[in-house]
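Scrolling down, you'll hit the structures one after another.
Here come two complexes built around chain A, the first alongside chain B, the second alongside chain C.
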Partner chain A sequence: MSAVSELVAEKSIVTEPQAGAVKLTMILSGAVFALMMVFGLIMRAAQGQLIEVDPALFYQLLTAHGAGMVGTAALSGAAIMWYFCGRHIVLTAGIFWAFLALFLLGVVLILGSIFIGGYGGAWTFLFPLPAMSGGAWEAGAAAAFMLGYVSIGVGFLLYYLELGRQIHARYGSLVRALGWNLILGREDKNPPPPTIVAAAAVTIFNSIGIILGAAVLVASLVHLLVPGFEVNALLAKNLIYFFGHVFINASIYMAVTAVYEILPEYTGKPWKSNRLFAIAWNAVLIFVMAVYWHHLLQDVVMPPWMLVVGQLVSYFSGIPLIAVTAFSTFLYVRGSKMTWDLTSSLLVLSVAGWAVGSIPASIDGMISVNKVMHNTMWVPGHFHTYLLLGEVAMAFGFMAWLVRGKTIAQMSGLDRVAFVTYLAGAAGFVTVFLFSGAASIPRRWAVHYEEWLMHDRIGTLFSVLIVMTTLFFVLRFVLRLGRSNG
Partner chain B sequence: MKLLGLAFLASAEAVALRYAVVESPIQHVLVQMPLLVLAGVLLAWNRQIRQEWAVPLLLVALTVFLFWMLPRNVDWALTPTGEIAKYLSLPLLLGVPLRLSWPWLGPVLRGFLKANALSMLGVLGFLYTHAPVRICNSYLVSAQKDLGMAFFYLAAGLGCLWAIPILFGNPSGQRSNATGCASCGV
Partner chain C sequence: MQPIVLLISLILMAALSLVFWLATRASNGPEPGPNANSKRAGLIWAMTIVGVVVAVGSLRPWPHALASTDDAITVSITSGQWWWDIDTVEIPAGRPINFSATTEDVTHGLGIYTSDLRLLTQVQVIPGYTTEVSYTFEEPGTYQVLCMEFCGVAHQDMVNEFEVVAVEE
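Now for the complex of A and B:
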């Protein structure tokens, strides 16, 4: 081991890398998660006609909820991965602060565009909707929304540049950090740990996604300001879904580093990279970029081979996740006599939820199913599964771990109630979505028919449970942070 | 001396394209203009400046770059006055300051500039292929579209060129500089 790696290894034991910045980010993430969940609750209650919400406001809430949840999932995932990468490489704190500042600037622009400018064109800003509001919002509001995305994108670009260069500095190349020496059977005295393998993969695919996303955002901005410049709608949709799919997937792939780094504390068995693990993450790197075509299965003008690839990769992309992370988690937990506190429960739940969420996703990724299911509640059902029971659970698990202290104790009664309530709320909430999808209830409709109201009302009840437990998790984190700092 | 000769060669090549650029925007924007910038870069290759000059010089370079990105200025560059401005400004106000400031720029800023260049080439590609009007009065619409496609190809080429060293830099060994490297090109 070189002097540098010894130094880094030593640091990883004794320091909490940039814990202050990460804790602040998690407070912000928790608060925004809670707020966005309240928006979701309002929308479900409005669909169930329990409250009255003007449809224009409904679409603004839908836009804020979508953009806010995707953004916050990415923000919390980024904070988690930064924290744990800091155990293996030395990261510049200033870059994280710049990332956070640009992110917050983006949030201000997005919220302003929605709640002041009235923008309600959904988080996907699909061409030509932002420019064709029918009088609901001005071009300036849509432009502010997109500038908010640009600001967030620049922040993430800085984040990945710093991460990429430090990984490169430590491991000599990104392919080594991706575990190619393990895959090729070459000798590597200091193989990359799982967190670094994950970070290298996410850095590559999300940087590509952000660069392409920036191009389509600026092209859409030009179209907003000079409507004569029309973007090719199909090209724009491809670019937007490449960027959007990669970005939201990256949030989970970043947050999963919490599982790799924290669970070994409970099982007593270190989580090490091996050949299969490296192959799985290299497969993820390819699949996450090749699978986005499953968002375009209803675009009949797409070349058929792309749609077929989209379907096939949808099947394959579940394999590295389920075969490696989920199966490994099961093996690590099995027979380890681990203590089940809030952290370990949420982290194990998150892996299970993520794996389960990929099943309805794969089903919707079939062309024949997608034809009838894509615009139904089935789709929010699948992504809420791997967000609520996956990424968000990982974030809450990480927050619980940050304030856990050095000793691991069994879950208190209150924590147990909160965990079970969250699990029941989230599982019930997504099941209602999936049932609604199977019953052909369309998604994104502000006003629902009488026959659909029962679904909406049951969904509302479950979402109340989620909001309550989320508030508990966030308040618990803030109070314990205050206590430990005080 | 060798670099001075190369700089002169690049300038001479750019001047030799004087008539060809009237016909082809690709030769104008993607061959002649980069050659002039290259001449400036080579001219300042072995020169060094103090660190405090790096940011002002970078701003000068970026401003000149932005100026020549505008289609109406590409048109203007074909007039006698514009031609002189182009021959002087691209090497002296873009190539030279960019080269002088580059060694002082942090790797994250360099990476940001490169990533931004890729995005902007994509945007330019979109603008030139989708414009409902002739953006440059001096060129045909078909030539304008060709230039747009060339921007896309250039973005793809540069993306590969910049990514390959980072991906495959040194798979077997590891670097000793844990705080980052100036030469890795990230």
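Now for the complex of A and C:
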């Protein structure tokens, strides 16, 4: 253990608010991550014709995998941010329990709709597909799926209401919590720490996203009950992708608070808010909401200026990420003499994976490229990069930190093997997706042509590595949690 | 275009990964120098300039521009779960084609592929709208239409084809 790390570890004796609830949430998150990865493995193996899966079941697994991964990324991100916000503001425990209960109710409804009701309309519930299954599922199954989303959304709104309320109580306003005194060069004796700046921004944009998502969910539910009630399909698509894009990005922006709060224990340098940091987060607040049009670049009936904004913001969103978050990580790490254990390795990897994943995403955000890459395997290629190597790595890093104890030691042999295997598995897995996208293989196809099987089979091998190491990370967390509690 | 996109992406991704790897190695080196933040400012300016140049270069001409109706032939494609109906059996090579697509039920994705499964262009087909995309086929042969937007349990079976034929001057 380095002298600097020891000093910081001793100094960072801070309150651990609602640690029990957060640890339980991380156990659930880890278990669902593992299960959803198994679903992913089954789908890749089925595409590679290594196993036989009926297309109806394939699309049910696809729906569960998408909804489950997005939901769990958001759940784990929310738990992480709640935990670290508790260092700066007092949060009501009952709200988190209510949030968790509503989330679990949503999970039950979603899983029931898929595996009992047969719903397989993908996590994006693109209007009017849920109501037009071609006989694969009944309207009731689609309604249960959407009610599950509504339950999860209500839970998240409660969560953000409490966060916003307490941030307002502590910092006077969300504007101040967003760092506007820093931006305007005004004196602020109590500037918001990075975690609070992040929480304020996410509270604003994800609340807006969830409310707009609720609007299209309600309209879709009414359409299921009263088929004569028509919804404009393009408007519905805009609302769905606004909600979906904002929600999945919010999961990463919540989880990054683990980097802000934990990495300083290793580097000995506290992660502080400054003018550039505040500007970056205010840019993120706008960019996250303005960029969703890059999902509609092939919807040529959209006003062209919206597609241009989608392309531009898609690229310029990379600046706060690469030039602020990633660059700051370089500066904090450089010369820190930090100890590389599982926690610090996963957290630095998460920033790298997030930043690297933004590159194929930005390139696909160009309209001319999107014409030949949209809805090919390129798309899961880029989002798996910043989820598997980004958000999920942040969650695993946080879990490793929760059970680390006060001593920081170099990675043990087993941890090192697991870390390297996870990195190799995830990097290989996403690279195969990118090659498949460049080979024009469409995404979300249950059955693949002979020409594509080699891609699928190599991807399957890498996904086995990911599943194995994920099981290791989750079991390691649960076992050490039991030991420390015992 | 796809191999070039792949190559550029992999090079940039590898370069950024290398920077991260070097950063982790530098944890045992000296602390950042006093001009670290000016390097950051340089990076922000460089990314901004590259972004503007690439945006201008890639948006002119407008990627969704349709071919002039004076030269182009319009081919109508109707779609539904899980079929494509193409109103023209043989399409002439060397002339711009405006594909005009509609759907009778859910959203589909009109993807036009070569016979060896390379995606040439695509457009989303949305209920209640007619969407159009232009393409000029230089080579005669069989081309395929694949669905690019998940549309239900037989999505992967939503395939059709058409012929592009050489036209004598």
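We take it that the second predicted complex is superposed on the first by the 472 of 486 C-alpha atoms of A that agree within 3 Å, B and C clash if a C-alpha of one lies under 4 Å from a C-alpha of the other, contacts with A are read in each partner's own complex, and residues count from 1 in each chain.
Throughout what follows, a residue touches a chain if its C-beta (ideal position, glycine included) is under 8 Å from a C-beta of that chain, and two chains touch if they have at least 3 such contacts.
Not measured: the values here are computed from a predicted model.
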Item to complete: Check the residue A:387 against both partner chains and state whether it touches chain B (first), chain C (second), both, or neither.
Response: neither
Discussion item. Once chain A of both complexes is superposed, is A:346 in touch with chain B (first), chain C (second), both, or neither?
Written reply: neither
Practice prompt. Would you mind checking which one, chain B or chain C, touches more residues on chain A?
Written response: C
Practice prompt. Go through the superposed model and pick first if A:232 touches only chain B, second if only chain C, both, or neither.
Written response: both
Response to the item:
In chain A, both chain B and chain C touch residues 232
Response to the item:
The residues of chain C that touch chain A in their complex are 1-3, 5-6, 8-10, 12-13, 16-17, 19-20, 23-24, 26-32, 36, 40, 43-44, 47-48, 51, 54-55, 58-59, 62-64, 81-82, 105-107, 109, 111, 113, 116-124, 126-133, 146-156
Item to complete: Under the touch definition given earlier, write down the residues of chain B that touch chain A in their complex.
Response: 107-108, 111-112, 115-116, 118-120, 122-123, 126-127, 130-133, 159, 166-181, 184, 186
Worksheet item: Of all residues in chain A, which touch chain C in the complex?
Response: 55-56, 59, 62, 120-122, 124, 126, 128-129, 132-134, 136, 232-234, 237, 276, 296, 298-301, 304, 307-308, 311-312, 315-316, 318-319, 322-324, 326-327, 329-331, 333-338, 340, 348, 351-352, 355-356, 359-360, 363, 366-369, 371-376, 431, 434-435, 437-440, 442, 444-447, 449, 451-452
Worksheet, complete the sentence: chain A contacts chain B in the complex at 2-5, 7-8, 89-90, 92, 95, 154, 157-158, 161-162, 164-166, 168-176, 180-181, 186, 188, 190, 204, 207, 210-212, 214-215, 218-219, 222, 228-232
